[in-house]
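Read from first to last, the chains carry the letters A, B, C and D; within each, the first residue is number 1.
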Amino acid sequence: MSQWKNFSKGFFKENAVFVLFLGLCPTLGVTTSAINGLGMGLATTFVLVMSNLVISIVKSQIPDKVRIPSFIVIIASFVTMVELVMQAYVPALFDQLGLFIPLIVVNCIVLGRAEAFASKNTVISSIIDGFGMGLGFAMALTILGGVREILGSGSIFGFKFIQGDGMLVFVLAPGAFIALGYLIVLVNKINKKTA
Amino acid sequence: MSKIITISPSPHVYEDTTVKRLMFNVVIAMLPVLAISIYFFGMGAIIVTLTAVVSCLVFEWLIQKYMLKQEPSITDGSALVTGVLLAFNIPTNLPIGIIIIGSLVAIGVGKMSFGGLGNNPFNPALVGRVFLLISFPVQMTSWPVPTGFSNSYTDAVTGATPLGVMKEGIGAGESVSAIMDKIPSHMEMFYGHMGGSMGEIAAVALLLGFVYLLIRKVITWHIPISIIATITIFTGILWLVNPEANADPLFHLLTGGVLLGAIFMATDYVTSPMSVKGMWIYGIGIGLITVLIRVFGAYPEGVSFAILIMNAFVPLINSYIKPKRFGEEVKNG
Amino acid sequence: MEYIIIIISAIFVNNILLAQFFGVCPFIGVSSKVETSIGMAGAVTFVMVIATMVTYLLQKYVLDAYGIAFMQTITFILVIAALVQLVEIILKKVSPALYQALGIFLPLITTNCAVLGVAILAVQKDYNLLGSVVFAISNAIGFGLALVIFAGLREHLDMVNIPKGMKGVPIAFIVAGLLALAFMGFAGIV
Amino acid sequence: MAKKESTFISMVLTLFMVTFIASAALGYLYEVTKGPIAESKLAKQNNAIMQVIPEFDNEPGKEVYKMDVDGGTLEFFPAKKNGELVGTAVSTFTNNGFSGNIKIMVGFLPDGTIHNISVLEHKETPGLGDKMKKNKSDWSVQFNGKNPTNFKLKVTKDGGDVDAITASTISSRAFCDAVDRAYKAYMEGGKK
């Protein structure tokens, strides 16, 4: 597989959210606005790339039976780093994303990539894979956040284009599910056409 | 696919003609309600109903034709009924754009996403209504005052519903008897002289429709009566315990959407249980949740939510509450 | 009274799944049959309650006591992962029947964010031990309730003609959305 | 590269090493970020105070004092300029919100006039009760510059001077309740 393909698969063909249905909790939970989605996506990307990197380096040193616990510790460390750094330097975003930052640790994408990719591939491929999957995830979250922000608040990236409120249901839980449902249909249609 | 759904879990065979006859009868039963609404709200009632009906029909036709690529079946009347029911559940001064959004959600999300009539687990009109209530809370909770026939539409004088006044009054610590002086009498409520969504105001017209539906055997009495009985008993107990903090059962039955919901919405074939036992459970559930929301919740009215929640239980009720004579259930998975 | 509020709030008003989005992955992935979702709900309840109890004690007597609260995420997830293993081993020995019923769901629970989420929330909300346990149980019930209702709906959907593009996950999301819409009615009950 | 075998020793050793390195790294990072985190928390508090009080040059967060009222705690942040009290930010609450507690910060001038109000925490309905927040509507501006001695902190429906938020009388009432609580406590000995 060429490295370009390795990188780009995370965006459409193997998009974590739209195609693999992984990492759905933060996807739904934080996407009340495009900027929140982007922030969460980038935080996850950081954890993905770093854990992929470290795991692909140390993979031969870790006995099979303690593989999963070791991976979890590595991932959890990077999650905590993100937590600390965000709390210190972007406290406003940290408050918005709240509980979903520590929950990156149980995001199936991260452990999934560690197990399925980084523990079997070279360091370079693993980093690229981490970037691809992570940015694909970030893209999905930003799109969903954008859709919900446009419909729910009548603004995009905080820029308001209508007076008053939008359809408030989209900033609330039901709207998250419904918007994601139809987005998946749309992405599948596009994927089929380009296949 | 053939004209109309052939594989569906609840009403097993739907012939075009029966659906049509059914829907036709429901429309007839709704006419008295419509008449009283027009009498009290005038132009608003007409505009809202027309907008909802036309947009429901148009969306159904468009989605069937261009997205699902099936033969449009708007002549079966189900979209017409959804449109009228949606109109019955919204204030008569709602801006037209919002009504159109509601129709799109009712038909597009509530019905066509599931493949159309017979497949949808939730009542489409209620999906549309609750979606609007949460999306546009201000517009959806300012009701025009029933001034008698008037031709004002969006600039109508607005006021609260008796339920809203009651809820707010109790919240502020007023006694029920003091609040009762501020709202229409039970008799006025009975014939519909109060603020509210267009189809919920006149108990007398709704009961007339109920009798018609029973005579034509469109619905059975089980669901409406179990809902009404549960609400009467539950609110009755609260009232007997403390009549100064809880409104009487008759007030609860006459206000809000209890009768409209019990007679026209909860009885929807597609989204209600099949067995009589199931109907009782379903009806009692709706009654309980309605009172729970009204008395303890943030919303003054809970019928729509209650019906939607119990809609969600219908598949479970259907598979686990079955008449004995059906025998053992055969699992294939 | 305080506990009743916790219970009603967790089950209906702030349902962990329908309002807070924890545990959506198993919700979408597992809940296509009523029976399996009951099994899943049971397993989650089991782990969630024990995990919340253990992490509560850990937080109080280790993390807070030694001022290393920043290690929360890492310790909690390790505790949960270890706990799941432990529960699996013990269950296998003590109650093979229960193990049979819950067995296949247990490994999945480690990455169910509902468990970690509830553990962290219980700490954040500053409940005492009993409060935390009540909180965990109610959330587990809320999770189970949503899972079972949803499974019933999906069994129903399997029997009808869902349009091609909507089949599977998309329609599941729409149903979840409508269910969440219906649950909005409970707002403000507590 | 050959995989390491899963012997007991190697497993324990690996897990130990991984955990050790991880905690060491985190411990280090924690030390590094400790300062900035504390600062950003302080900045947040200062920011909330700054929004409701005219210019000051002290650090009100350091001179905070508390008072227990109606089963809750009010916090008073005295803001001073050149050592003289220019206003007090009071963090107050109400339990009567549409959906639970509301926490707001009210800034009083020394004579009890309300300077400005900001909402700290609330769970009110989007589109209705949340209009009390400044970024949603200008509703709460009507309190600014009013002195509760001649501005009754009640909604007009209850005979007060506050125009309620459209269709959200309960939230408006709760808001008034919180402001009133802060005002009373401030006048009855909360002024220092």
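One rule holds for everything that comes next: contacts are C-beta pairs under 8 Å (C-beta built on N, C-alpha and C of every residue); 3 or more make two chains touch, one makes a residue touch a chain.
Remember, predicted model here, so these are calculated numbers, not experimental data.
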Keeping to the contact definition above, tell me which chains border both chain C and chain D.
A, B
Which chain pair is joined by more contacting C-beta pairs, A-B or A-D?
A-D
So, what's the distance in Å between the C-alpha centres of chain D and chain A?
31
Taking each chain's centre as its mean C-alpha position, how far apart are chain B and chain D in Å?
42
Between chain A and chain C, what's the gap in Å when you average each chain's C-alpha atoms?
21
Give me the residues of chain C that touch two or more other chains.
70-71, 74, 166, 171, 174, 178, 181, 184, 187-188, 190
Residues of chain A that touch two or more other chains sit at 69, 73, 76-77, 80, 84, 168-169, 172, 174, 178
Please set out, as single numbers or ranges, the residues of chain D touching at least two other chains.
22, 26, 30, 98-99, 125-127
Select the category (line, ring, star, complete, other) that matches the graph of chains linked by touching.
complete
Residue set of chain D touching chain A in the complex reads 1-7, 10-11, 14-15, 18-19, 22, 25-26, 29-30, 33, 36-37, 40-41, 43-44, 126-127
Quick check on the complex: what are the chain B residues that touch chain A?
101, 109, 131, 134-137
Taking the complex as given, what residues does chain C use to touch chain B?
33-34, 148-149, 152-153, 155-157, 159-163, 166, 171, 174-175, 178-179, 181-190
Chain B residues touching chain D - in the complex, by the definition given at the top:
135-138, 141-142, 168, 171-172, 298
Write out the stretch or stretches of chain B touching chain C in their complex.
1, 5, 7-9, 67-68, 109-110, 112-116, 118-119, 121-122, 127, 130-131, 134, 289, 292-293, 296-299, 302, 304-306, 308-309, 311-316, 318-319, 333
